[in-house]
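Letters are used for the chains, namely A, B, C and D, taken in the order the chains are written, and counting of residues starts over at 1 for each.
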Amino acid sequence: MTPFTRDQMAHRAADDIPEGWCVNLGIGIPTLVANHVPSTREVVFQSENGVIGMGPAPAKGTEDLWNINAGKQLITLVKGASFVGHADSFAMIRGGHIDLCVLGGFEVAENGDLANWATGENDTAPAVGGAMDLAAGAKRLWVIMDHTTKDGRPKLLEKCVYPLTGLKCVTRIYTNLATIDVVDGKGFVVRDMAPGLSFDELQAKTAAKLHQAH
Amino acid sequence: MINKIVRTMAEALDGIKDGSTVLIGGFGSVGQPDALIEALIETGVKDLTIALNNAGSGRVGVAKLMDNGCVRKIICSFPRSSDPVVFETLYREGKLELEITPQGTLAERIRAAAAGIPAFFTATGAGTLLARGKESRMIDGREYILETALKADVALVEAWQADRWGNLVYRGSGANFNPTMAAAATLTVAQVQHIVELGDLHPHMVGTPGVYVNRVIQVDRGPEWTKEEA
Amino acid sequence: MTPFTRDQMAHRAADDIPEGWCVNLGIGIPTLVANHVPSTREVVFQSENGVIGMGPAPAKGTEDLWNINAGKQLITLVKGASFVGHADSFAMIRGGHIDLCVLGGFEVAENGDLANWATGENDTAPAVGGAMDLAAGAKRLWVIMDHTTKDGRPKLLEKCVYPLTGLKCVTRIYTNLATIDVVDGKGFVVRDMAPGLSFDELQAKTAAKLHQAH
Amino acid sequence: MINKIVRTMAEALDGIKDGSTVLIGGFGSVGQPDALIEALIETGVKDLTIALNNAGSGRVGVAKLMDNGCVRKIICSFPRSSDPVVFETLYREGKLELEITPQGTLAERIRAAAAGIPAFFTATGAGTLLARGKESRMIDGREYILETALKADVALVEAWQADRWGNLVYRGSGANFNPTMAAAATLTVAQVQHIVELGDLHPHMVGTPGVYVNRVIQVDRGPEWTKEEA
């Protein structure tokens, strides 16, 4: 069995983004998604610090220090880009104008609950950033994360253990082992799996019931 | 390729249903999507709830929309504009429902809808007739009333320039209700004076990011409106 | 006794506006106030349709149809002017950033209540515009109006009869007979009167107790 | 003549008192009023409540402000920035009070303060730990929590250009929290790269009307920040 790499996970998510969507990408693997959308397909990348229409990282020597993304990395702008302030940017997010947000995750529950900001109630200084706003506001929320923790514990659960970021918000999960839809009233539905992986093996690494797609 | 530019009014207004709530931009004639309003009248749509600042004047534009029986209810701040003959007649005859909202509350209710805020407190109108039936609350010794988001099915807006992504640039005092309304509707249609190439609008001049706009139609408003920027 | 003219009323109000204030002027006599602020004194005139920095009416042949004020009259811009949309314009008003608003009035009560939008509960289609927002939000609210109605009834009262625009909001009244402060806990305090008018005559035309300024 | 331009940091920060609530603009180093923060540290002011997105990194800027004991409480969305050594130390030792607010709620609470909205409902955070102690309400079948305006005594902001009226033009992604914060404080001080003549800023490019700004000080941020607009 060959698990998907980080880039493969990002690529698979990118493949599922149709032309014309306005997409917000979280820090980490989600940021890689932009690299895998072909330049022939127009997708508008929004960053919560008020950039609408981000392009790839700038070539050496052409950097503009004023243009950064939510991860504080230098960016370029594409034609058609515009800027707004934070209040307007989050109005866009909270108001349901972002077609898709892709975030990392600690845990996802079968009802779509997401935990990705704190690892316990006594977490020292948890840092939430814009994750709760995105979870509450985006039209669709996809999570990219490893299927299990480094020590092998499942991250797809019947119920989240860590403090929640948002309730019933995740609609799809791209893991290093599978792509799984979160279907209202049903739970986790497997769309596809890493080459050589069996459904039973995937179920064994998942702490909630998996359903096969028809 | 994203291309929100349409060529005909039929495409621009396709799918607007009877009973829809329609936001109409503009303050007076500035920033008012005249051609879209005319085309809306021609669709023969009925039972609309329209929200805008005034209730039209004379027998053109919004007044004609009401005169033709397309409108069931109007939400506005100032129905008595310069020549409100149609509004006053229909209202007196009980053929038009009126919801008066203070101008700033109207703008903020639309902004709240755009921003995912279902309700907010404001001091505007507290203790007045317009507070009747509304929840009120003392906060830090002052009385506030709860106002709710005004979400819409359709927004008809006007702008100076647009590109194929639907980015809009306003001119002079032509923004007024337009950027807020553009962001508060399921379907936003913009009438613009000029269409420019993608990349020709300055990122800081864009008053409405294309994210909010579904369709753009170019309409020459005539010689008196065509004066170019200095 | 010579009552003040409309222009004199506007001029007296203009004289009391210090440099640097941001001022919103209502429709009617209040609009005239701008004409009486000398060009050597910088006052920022705001209009609720999103103009900050209005200048005088344009000269014939130089009109720009896109630039109007709240009364829908054509305007010019001064150097330093800027535009915002309605939501931001009323955020400025509601948030207490307008130093002064000058409005017309039907009635003012001695506690500062203002009635200026409807003449009765059964008023056909009352039109409020931005008056309630300005009454609630401006730092100071001055009213310019005749001291009595056309048929001689006082417009300065112990309590308003017409539906209110705002509660305890008026701080000063410029009438054709006098300038009167509304002082918290005290009521109407006369600052000055039209030439030849006696305090008793003014009191006779006022339906609330007048106080003399010290 | 209105002239909000000051020449010295002493004038720029005059009157900021112990115990003040201070909004600090910027997202990362972009749009962050570095020189004003340095000058604020030098005033030796104490017991500040500061509100901003991050809690500083390394031992400079906001981190130094906290390290020097000027800050009693911080309201932010993401205290763990790239090198949060000062924040983590003070927080662990109980010397710093922390209020975590989702980034959009932080922006909206400041916007609410600027706009005269004392409280508003939002779905952000509903049902999470951050909803604890907050009023909640079902509206149209969804749960929302009530968030309150975050008003401040002082806002320190950064912009690209200013004129003597205090009109500010932002550059690139440098607006971020700045325009909202500038409008939400009793005293707003702007650090800008360039001062231009009154009338030289395009009325539609102004991101913060001068009405919101009390003082402007020109600070050259150094060669790496001086690249002119294309």
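One rule holds for everything that comes next: contacts are C-beta pairs under 8 Å (C-beta built on N, C-alpha and C of every residue); 3 or more make two chains touch, one makes a residue touch a chain.
Small disclaimer: the values here were computed from a predicted structure and weren't measured.
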Shortest contact path, chain A to chain C, counted in steps: 2
Inter-centroid spacing, chain D versus chain C (mean Cα positions, whole Å): 35
Chain centre separation (chain B, chain D; CA means) in Å: 33
Gap in Å, rounded to a whole number, between the CA centres of chain C and chain B: 28
Residues within chain C bordering two or more other chains: 83-84, 90-91, 93-94, 136-137
Set of chain B residues in contact with two or more other chains: 108, 111, 115-117, 122-123, 170, 204, 207
Each pair of chains that touches, named by its two labels: A-B, A-D, B-C, B-D, C-D
Interface residues, chain A side, partner chain D - complex: 47-51, 64-68, 72, 83-87, 89-91, 93-94, 118, 121, 124-133, 136-137, 163-167
In the complex with chain B, residue positions of chain A that touch it: 19-20, 22, 42, 44, 46, 52-53, 77, 79-84, 90-97, 136-137
Partner chain D, residues of chain B touching it in the complex: 108, 112, 115-123, 139-140, 142, 144, 169-170, 202, 204-205, 207
Complex interface listing, chain D residues touching chain C: 1-2, 111, 113-117, 163-165, 167, 183-184, 198-199, 201, 203-204, 206, 209-212
Residues of chain B defined as touching chain C within the complex: 27-30, 77-80, 82, 84, 87-88, 91-92, 98, 100-105, 107-108, 110-111, 122-130, 170-180, 207, 224-225, 227
